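Two complexes follow with chain A in common, the first pairing it with chain B and the second with chain C.
Coming up: the complex of A and B.
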């Protein structure tokens, strides 16, 4: 029983939150890493692109709700997401046409592109705040829980309890589908293969007749879709506020760098590495350990490595460690 | 130039001479700045008390009282000091009701009131830090210190059988102050605070914070934050994960949005709010309503009381000089004597004139403790069926 209790506490406060957060980071990092792999720059506007996609999705959700459309127990936002994705694709393609292409044809160094993306980030952030404002928005509807903490306690009769929220399930399932589809797309389809070829060696790809502008358009479409997906899932699970999405930029890039920039599978693993490190070092393991150790060895302290105030520092530390020890990331990607 | 000076001086002398039977009371409040929406009804309440005294004609042998307003800005200490200087040196006030914000109050107290020997009665500065300044008997407040709320809340928790608790506080001066005062008071009563950790307002995710609080454990979770901010995020996450089911809410959490968001989910949670059941409070609501003042606004009773106490102390001393009446303030406010409620100021002036004793109760059931700050009355509330119920008054 004690071992079960220990596991339930662990699952409730570490495993589930970290898995969900990791999946959201993974989707964000996938979008950022694709841009880096093909267009060869770190897109600082990615966090605000996520915010834009989410903002449009929220507006569409309100419209659907006003019309009485519902897919309960699932959140209406899932139904509204195509609108958000479409709008985001249009915006990033317009940005590419107006900003990045100008630099791309001149073959500027990637630092110039990074700085350009910083400018895009500010414009995008302003756009989001104009569209929906700076306030906190809760837009999750439908069933909030798959099972609540009280229900779980009733079923199992354990002292400790566990709650599973629908947003967590939706996040994990959606992420799994998106990652598997993307792998299939990149490995098996002609377009995916041409993208990988372009990423590996641009000149060779051009020689073999791959149309670079088409590859660029496709990578923006994929990146915008993944950004909206990540943003909406994060917002459903937590809440939407433009500034929070801007702050997600750091853990997202930490995840992408950990996995190796430009490596999609690496980005997914990186997302989970960053999420689990954040939750692990700030969680107090007192309760878990108390169940596992005999009565005489009970811990007095919280067994917490870092106070929760320092949560944001964890992704910084992970980023610095990876850059110092293995700049190409765990799975090897482009040197960041 | 010389002529001009002479003219000015003689005018001033004439003006002073002509109004020898008139004294001035400064009303220094944050008329601009972060609490600018709170101060207009407060100033009106002070002026209401002054009008009541003037109408009686009994004050210091028929002396009239004139109110002079000054802006303290709430956050700019040097502006508050300059306004205080102006009230004392050029308006020549006999006492100041205010300042309203804790920061401004400590600046005006140390830079203006103490050097000039001026009496300040603040209706709303609640920082515990103000109790530690050596004010030479010049500073009083009709609002209780936040340290007092911690004591009251700790006692309520003990009475309700909460022996251990975790605290999550909003990471600012208010949050830190109230969290440490609850912890000190609770541990003095034999309780145990398992963890006192801050939360940042405006974050999307509080699962890490709640995870740490949950490992620390406790009978209840004290959330010292704001209902529209991180406070409700912490409550939401604690409910979702089943970490805590009983919550203790200090003053800052009791907003409409708390009940709207959580309703029945937080049944059995409790906390405290400033408030009193004294008949004076109801009487003052009637009076302010009749005078067209927003009667439910915060700190209105405290401000009425501050002005009334100042004038009654002058009457008791038979003088409007701060040095003479500052010693009378405690006598006027505390027992023994006849209880004085809002609207009874004429009666109080008469009793004091005849050499009697009064116990000023006023609209906020004021009772001075320590160096002269309100003991404060608090309303113990709990949530039942998603509604806020008043249990009793402390």
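Coming up: the complex of A and C.
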């Protein structure tokens, strides 16, 4: 029995990747859930909004790299991100003005808004592909590792080893800052309070003099910022490809629904729940178990519940289970 | 202008567009658009049954279309020699076992009292069941996939006529639709949307990865045809003497003849489906469906079982989607799981339905043809436009980039069409009643 080695394997292949992926999903789900709380529809364009913000950030990164600007060991993309965020904010505000506001003023049913968001998704997808193409792009630069597998082994002398990539640290730190700031913003500031009031009861909020258009503009700005953050961090950690970002829609919705649609803190927890279930179910635990069991009881198989090709099925199952058993999510959100 | 003349005019405009393609490009290209237009019209009909009749928001169209395609392979391919004794029966047994485990889990969930004991029992049952299932399944799959993997490695099909696959595709998709409807239809509209989106992704993942079933991404390329091959026509005396009356080139004429035969088959299906849907819409059942769509509460108060009717209409729509998927795979003569893109087979179909007119069968057909025509033609138009724009630019990376990006113009155009129609003509070109 070798608990230490087992834990190191577990941390390297399950804990760290799931934490990072969970943080990325949490940011994405936060953006989607805020829109749902205030505008009351599921924004199908959210994945492509993430892709758009990331694409602009990548372009800005290339410009900075060409100018020789670098903030090594941090990736240049962090410096370029404000440009991506600004462009995304402009685009979502423009779509709100041109597409969504019309329906909001007329108070049409949320399905029409969802349908309109499909149209926006098409346009955004087309824009992203026009701007940057359909290929897989790596844009992480700076130091790749905080410490490498070899360094870790040197320090600890363990058989198993662990590498900490800088993208993972950047993701976790950025997410922590964003989530804490958002909590503070929603709970303490006047604007944040008016947003929560609007989300709870629109009519009452209007009666107490809250300007709905201002709330809507702010929620789009927040959502665009969070979408770009999530997109860039995901791209730094893995890689950028427009179709992948579209496919992130399902785990993001799953995370938002698990936490309760419209509930920001729930979205964060939901992100981690979805990410951990995905990684847990698709990881082969053979190596971890091998360290924990005595030599006579070694497992034959990989001890993998589901092949990684079916990752998507995991977020879906989580989603359906929550919908069937507790439709308002684990923390309670809107059900209508 | 009466409604009938206006509708006729709209159809004439679309026909004129396709005929102009025939005259300006080639009749072969025009017929290809007609064939895909017919299939798209069937798909749009399926979505329209769910959305237009009942207001059910299904964004998993691609999954049901893909199931129809799978049916084509499973029905029409000849069985792979030795695959069933090697592992086929065992795979079937594993699948039955899996279904039993899930049934047992549902039973337990309903029977046991709420609490920790139930959660623990369910977890043990499901995880244990999964391990046993994998133990039964994995060796069988390996055995099947080991048979001649370069060209086979799957269990093959039943060796039946390919036309039989169309109703079977409908049944397969309807079965899947029933399962999903049973779980997700009680939910509110955008949850149903998210759930169907997920189901579709899972169906595609299965088709891509279960090589024993359909060779996965290695594709099946030898689905038999219901119509003769071009080369056989070119070798046939009767065909040659027939076309010599028109003085046509045998190669072009054979291609056009084959496409016309497909078009005839598809047209029959489309007409039957339109007739059925119209008859249903104007029956008491159709009036009830519209009453439910317009006011669920009132219909429920009148004693209508809303959830059951929703399930019924959802399954019917899925069946139509499955039929269209089988038709598509038959037309292409192959099953390529990688080609089932949600943008192409879900969201494009939605554009067709919205543009044509939600709730109107004729509208769905018109939308199917019109949007498919645009989908095909926007790319060359975008290319032409980009060439015009970049005419004065020197050769360089930017010019090349702009020229390459023209290919993505169609996504942009489809999105703009959807947004504009939703905004300025939400009832569509031919409004439903």
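By definition in this document, the second predicted complex is superposed on the first by the 334 of 336 C-alpha atoms of A that agree within 3 Å, B and C clash if a C-alpha of one lies under 4 Å from a C-alpha of the other, contacts with A are read in each partner's own complex, and residues count from 1 in each chain.
The rule we apply is simple: a contact is a pair of C-beta atoms (placed from the backbone, for glycine too) under 8 Å apart; a residue touches a chain by one contact, two chains touch by 3 or more.
As the structure is a computational prediction, the values presented were derived from the model and not from experiment.
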Touching partner for A:102 - first (chain B), second (chain C), both, neither: second
First, second, both or neither for A:14, with chain B first and chain C second: first
Touching partner for A:184 - first (chain B), second (chain C), both, neither: neither
Which superposed partner A:165 touches (first chain B, second chain C, both, neither): first
Between chain B and chain C, more extensive residue contact with chain A: C
Contacts of A:155 with chain B and chain C, given as first, second, both or neither: neither
Chain B versus chain C as contact partner of A:234, first or second or both or neither: first
Partner chain in contact with A:125 - chain B first, chain C second, else both or neither: second
Touched partner set for A:307, first chain B, second chain C, both or neither: both
Contacts of A:287 with chain B and chain C, given as first, second, both or neither: first
Overlapping contact positions on chain A, where the chain C interface meets the chain B interface: 307, 309
List of chain B residues in touch with chain A within their complex: 171, 195, 197-200, 202-205, 207-212, 214-217, 233, 240-243
Contact footprint of chain C on chain A as seen in their complex: 41-42, 44, 98-99, 102, 110-112, 114-116, 118-127, 129-131, 133-134, 246-247, 249-250, 253-254, 257, 301, 305, 307, 309-310, 312-313, 315-316, 319-320, 323-324, 327, 335-336
Chain C - residues contacting chain A, complex: 55, 57, 59, 127, 130, 134, 183-184, 187-191, 193-195, 197-199, 201-202, 205, 208-209, 342-343, 347, 350-351, 354, 401, 404-405, 408-416, 418-419, 422-423, 426
Touching residues (chain side chain A, partner chain B) in the complex: 9, 12-14, 17, 21, 136, 145, 148-150, 152-153, 161-163, 165, 234, 238-241, 243-244, 278-279, 282-288, 302-304, 307-309, 311
